[in-house]
Amino acid sequence: MSLAVLPAAPDARLRLGLRAGLGLFILLLAVMPLLNLLPVSHPLHVSDFLVSITGKWICYAILALSLDLAWGYAGILSLGHGAFFALGGYAMGMHLMRLIGPRGSYGHPILPDFMVFLGYQELPWYWLGFDSFPFAMLMVLLVPGTLALVVGWLSFRSRITGVYLSILTQAMTFALMLAFFRNDMGFGGNNGFTDFKELLGQPLNTTAMRSGLFYASLLALVLSFLLCLRITRSKYGRVLTAIRDAESRVRFLGYDTTRHKLFAFVLSAMLAGVAGALYVPQVGIINPGEFSPANSIEAVIWVAVGGRGTLVGAVLGAFTVNGLKTWLTSAAPDLWLFVLGGLFVLVTLFLPKGLIGLAKGRTK
Amino acid sequence: MIHRMPITRRAALAGLGTVLATPAIRPSFAQSAPIKVGVLHSLSGTMAISETALRDTVLMMVEAQNAAGGILGRRLEAVVVDPASNWPLFAEKARELLAVSKVDVTFGCWTSVSRKSVLPVYEELNGLLFYPVQYEGEEESKNIFYTGAAPNQQAIPAVEYLLSADGGEAKRIALLGTDYVYPRTTNRILRNFLISKGIPESDIMEEYTPFGHSDWQGIVSRVKRFAGEGKKTAIVSTINGDANVPFYRELGNQGIKAEDIPSVAFSVGEEELAGIDARPLVGHLAAWNYFMSVESPVNTQFKALWQSYIKNPRRVTNDPMEATYTGFKMWAQAVAKAGTTSVDAVRTAMIGQKVDAPCGYTEEMHANHHLSKPVMIGEIQADGQFNIVWKTPTAIPAENWSPFIPENANRRRG
Amino acid sequence: MKHPLLAFLLLVALALPARAQDALTAALEGLGTGFNQTAEAVDRLGASGDPRALPLLRALTEGRLLRRADGTLLIRGEAGVIEALAGAPAEAAEASPVRLNNRVRVALRGALGRLQLLSPDAAERQAAADAVFRSRSADNVAVLETALGRETVPAIRDRLLLALAASRLMASDLADKMAGIAALGASASPEARAVLLEMRGANPGLAAQIDEAVAAVDRRLAIRRAAETVFQGLSLGSVLLLAALGLAVTFGVMGVINMAHGEFVMLGAYTTFIVQEALRTIPALQPWSLPLAVPIAFLVTAACGAALERGLIRHLYGRPLETLLMTFGVGMMIQQAVRLAFGAQNREIISPAWMQGTLMLPGGVAVTQNRLWILVFSLVVLGLTVAAIRLTRFGLEMRAVTQKRAIAASMGIRTGRVDALTFAFGSGIAGIAGVALSQIDNVSPNLGTGYIIDSFLVVVFGGVGSLAGTLVGAFGLGTINKILEPWAGAVLAKVFVLVAVMLFIQRKPRGLFAQKGRAADA
Amino acid sequence: MSGGRRLYLDGVSVVFDGFRALNNLSLIVEPGELRSVIGPNGAGKTTMMDVITGKTRPTQGTVNFGEIDLTRMDEAGIANLGIGRKFQKPTMFDALTVFENMELALKAPRGPIACLRWKLTGGARAQIEQTLEEIGLQERAQDLAGILSHGQRQWLEIGMLLMQDPELLLVDEPVAGMTDAETEQTAALLVRIAGRRSVVVVEHDLEFVRALGRRVTVLCDGSVLSEGSIDHVQNDPRVIEVYLGR
């Protein structure tokens, strides 16, 4: 551990505290599927619903992490991360659709149902290969990555920053949403993909499979957390922070900021893609709604609520906001929008550092 | 609402539960616990426009049923959630209703996609869903009862009417729709149907627009041009609720009178017309299985009940509300017959249930989980109501697997 | 050879009512028993050419014609119920209105047309001419010739000539047909074209001439259609302009990202609704509810804007991204509040008569009234905005503050107040936009969400802080969109435009009309 | 760093919408030279630096560093050529510690991957700590740069400049806000640096320039007004006119 990264005292205690908290939290998540196996009558039993919904939140947490990397550290406020998430989801969705095979209600050997009743004769070329799991997984990374590469390169090169970039990325996801709504695109239009049957030879709707996906997501969360940690702790992380605070100055130090930002942006887009890919088999549907700009903004808000620029914060934010949302949409169907909207206002106004900032305030 | 308290607390736990990962809820039903009726309709987002009315309808029915002593001597308790027009959220909320709230039946969904997203959940957890909206068919789940129309109970008769002397003997048809699965499938069915009626491909125009499309200038003038080829032309609209207002405005403003180019719509009911000045639209048509203007004793009751429940004498009823009403009645009868709320028992009891529906006909639930329904064609009146100009003599059974979709020939049954 | 007979009938009708009476009663046979019988009866009434059938037919169109079980027909009027032909007062009991369907309406239009061709009221005659043109039958030729003989108003004459041509085309006499074809071919009306094509099948012998005539019409129509496309583009542009103008102030000038902008537009639309409801009690003011709504909507949304700026946004100056998130939250709340207050259903906004229907511009270019008005309106609003910024004291202070805040402050300008006013001003414009949009879009809680992204793009594309840019941007995008639409389809066209704008912004990050200053560095 | 490259500006003009910030400016800085540039406000001193460092593209004229045409390169490229710049208003990364600021400036591979892989070797640390010593900030190594005083920020930025190990240093008003003592130190430091590297100092403070005691260039209205020793330029009537005339 070098002098440089040895943190100041109060921060250290806090960071250790947070780490411990996070570790404990991950541990608790890890045992949930096991508790789910307990008899329903058992006091420690965790309901299927709770397990499946937590699995979903874990994916959101990964998305939050990826966003935090781009926004919290590199200062790239992307309002289009939902698009990367959705693209990853679609890649996975296409794989799952191919796996349905002849079990569709029309019993067509290859074509998914929606193609059959829309009168497709054969599979569009861009659907080829998705029957292979490795290929699909590759696409989960490549498709969002490539999009991020193109959009990022164009924008960073012409030095589009701040809100301009935000508006641009928002337009990007909006355009994608409109495009994917079109049935002619061959992605199932508004309905998207649903009624998946199996993955890796296992039927999707079994407890085993659900816990499998749950653990896969949890693993992905831990890995992406460690990856982000590795990045932000490295000198590269400090370069990103520097870019966030004074980009032009970094250029005069001889850093090609375009490349650095691009690297972070693409990486973050790929993470988002992974999150989406894990999300789809758990919720059992993917459709253009995922591209809606509001989703992307919400994801940003998770990060803001948790505390941008701190990895733990991103995870915390994702769980808090979504937990709140799930609860309120049932507990106060008419009022939840007020509570959520109010939360966003309060956080941006009074907690610029988010919940983590609150904790920081405590320790000082 | 007090009756929502338990679920509130439980969900609260669920919310906290996941954040603190505390052990979660153990369901603990008292002996004669209430029968739980899930309501899965969007209360916010784009679909709230249509779905909130259905939420209220179910709540109204629950209240009425309780006033009538509930079912099997048990009270009914509505569990309302807001899937917020967000399709994955529909799936999540469905799971919550079934797994956490342990509802005995659910009334919900409007769009096909919302239904398709909850369908796997209901099949997995063996729940019971009543779906009250007309849709494209091509589906049949043992866990869903479809109380809305299948294409042959709405689209095809409507087009037949347009081709008939009364309908103006249309020779060219413009199929306008919102770009999602219901219009796509319906139009595919209609296209094949029209061709079978000897109308050449060249006389069929098909256009799709996104949800909430508000700028119809281009399309309407294209339709005008399409109609300018010297053959009587008619519009068949599968435009989704929200986009209809600007569409009809444009029709009216571009001076397209029903006498020149009649249009028949499948998604425009009293609720939608409540949003516009209907005077320019007089004579345009809509096809449904129920209109508020139907004259039948049951309908009179239904309307009175609704307007008193909603405390607004000017509030309208529409087809999906009627389908909800009918579905609810049937379910209540089936539970009574089965003597239990267990899904499998109720499912079997459902088949063959008959209800005198507000539409003035007796509707029956068939083995394909679809209702037999009458088809009615209504003309828009200046006051936003419909004047029924044509209707089938009897309720006709649903063909949820349309014969006009060739692939259905080699479909694996069951 | 029916025309002489008809002319005769007409004269008789005018001269000897008594004789006609029987003919008329005979014609009424079966009216109201069924749609088909009604339609036939209406045809007979029209053919009779007896003007005394008019009140009855009018009553039928307006749904005031009742039928008693015994078959006697009654007319409900202001005066009360009278017998259809005799005119004697009568009992409305157990009499039900005669119902219409489109078939009957078609017949009605033809019959009314024929009977009104000679009406003293010019408007009626014009409508009649069009109606006869549509219902075109050889029987009309004589009537039309008579009418032409008397007609003095040129516009109506033209229509009569078209109608005559169309009717001639239906005649059996070849010369008549040729004349009809020639006349129609000389016109530039899509209807004429339709008639020609319709007759093509019936007259294989004349196919060549007809095709020629159609081609001629098409040549004239081509230009007109191009013009109409452009208008549609401008109209879409005007909508974008209205939606974006408020942003051009709050975002462009102040550099505040207000995601609740769309909700302000929506509030404006709802204000229109409230004003309209409030005026229901005062029929005299009814048609003015829309103009009245404009200032009120401005004030309402301006107030909301001021509150938002003072209460929340000002605490976040210099942090545009946080402002973005915060206002997004505010937007959510406004939307839900409106949803709870007014319900999720669409609200009905009645368009005043002067905003309905189409207007024929010289050259026969047809434009819809409401969109034309909105186009004009958007330009007026833009003009006023520019004036407010360029010419007023407030505008001066506003520019001063946004350019050099500190110096402005040192010169005794209360910057806080100016900020609030500026933001209120921008929000107010959004409200005005809402009033206009209520005429073409749904008045529902989601109204605003559809416009927010487009608005931001327009502002950025046009060049932040430049109203001229916003103007050009809005109309440019609108027109491009409409030009693409026919061959790309509505959705793809929009997608193309979005992508094009994104690429453009990559090339010129500062937009069409680059600006320097606080906003530009946001 | 023997036989370094010379900085060569010839006929450089920069026009911002109508206003000529630089007007046909020509200037040569020999390897190892220490050159002071003075001139009234708006003379174009900072613009000149912007042109050299690639922040501003000249409207016309050539800017070469040795054989390389700087007008074709971006800031990062130029910086990597070995041209370091200290800004008029000291700018650094307040969210990072002094040490981390220095580490970022330290000459090392600049690519993302390289930075990701980067390990702080003993040598590198030694180098950083030695420089911190030189600029008198070794005590503050672990403090956030944001909390430094103005003078210390000046020093830190000079330190960062040194870490880049540049061949040519462009130093914009280094002693603004410094105490006399600090000013002297700075002068000494710059003199020490010069010889190994070429240094261009832009300054108002004539005393400081005198203390540097090397060749002086006077800019006015975007072009060179006078050049020579401090005494020579101070006696140049045009210079006097420019300075006292206002």
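Residue numbering begins at 1 within each chain, and the chains themselves are lettered A, B, C and D in the order written.
Everything below uses one rule, namely that a residue touches a chain if its C-beta (ideal position, glycine included) is under 8 Å from a C-beta of that chain, and two chains touch if they have at least 3 such contacts.
Source: prediction; values computed, not measured.
Asker: Hey, which pair has more contacts between C-betas, A-C or A-B?
Answerer: If we tally the C-beta pairs in contact for A-C and A-B, the bigger total goes to A-B.
Asker: So the centre of each chain is just the mean of its C-alpha atoms; given that, what is the distance between chain C and chain D in Å?
Answerer: Each chain's C-alpha centroid was found; their separation is 66 Å.
Asker: Centroid from C-alpha atoms only, then distance chain A to chain C, rounded to Å. What do you get?
Answerer: Roughly 45 Å, centre to centre.
Asker: Report the inter-centroid distance (CA atoms only) between chain A and chain B in whole Å.
Answerer: About 34 Å, centre to centre.
Asker: In whole angstrom, how far does the Cα centroid of chain B sit from the Cα centroid of chain C?
Answerer: 30
Asker: Send over the residues of chain C in touch with two or more other chains.
Answerer: Touching at least two other chains: 335-336, 489, 491, 494.
Asker: Which residues does chain A have that touch at least 2 chains other than itself?
Answerer: Residues 178, 181-182, 334, 337 of chain A touch two or more partner chains.
Asker: Taking the top-of-page definition of touch, could you list the pairs of chains it picks out?
Answerer: Listed in label order, the chain pairs in contact are A-B, A-C, A-D, B-C.
Asker: What part of chain B is in contact with chain A in the complex they form?
Answerer: 7-8, 11-12, 14-19, 21, 23-27, 43-44, 79-84, 86-89, 91-93, 95-96, 99-101, 111-113, 116-117, 119-121, 124, 138-139, 179-181, 184-185, 188, 208, 210-211, 405, 407-408, 410-412
Asker: Tell me, which parts of chain C touch chain B in their complex?
Answerer: Checking each residue of chain C against chain B gives 35-36, 99-103, 105-106, 109, 134, 190-191, 193-201, 225, 228-229, 232, 235-236, 239, 335-336, 339, 343-351, 356-358, 366, 368-371, 439-446, 450, 482, 485-486, 489-491, 494.
Asker: Where on chain C is chain A touching in the complex?
Answerer: Contacts found on chain C: 257, 259, 312, 315-316, 319-326, 328-333, 335-337, 340, 449, 453, 456-457, 460, 489, 491-492, 494-495, 498-499, 501-503, 505-507, 509, 522.
Asker: Which of the residues in chain A end up touching chain B in this complex?
Answerer: 25, 28-29, 32, 35, 40-50, 52-54, 56-57, 105-108, 113-114, 116-119, 178, 181-183, 189-192, 194-196, 205, 283-285, 287, 289-290, 319-320, 323-324, 326-334, 336-337
Asker: Which residues of chain D touch chain A once you look at their complex with the stated criterion?
Answerer: Of all residues in chain D, those touching chain A are 53, 55, 74-77, 79-80, 84-85, 87, 91-97, 99-100, 103-105, 110-113, 115-118, 120, 125, 141-142, 160, 164.
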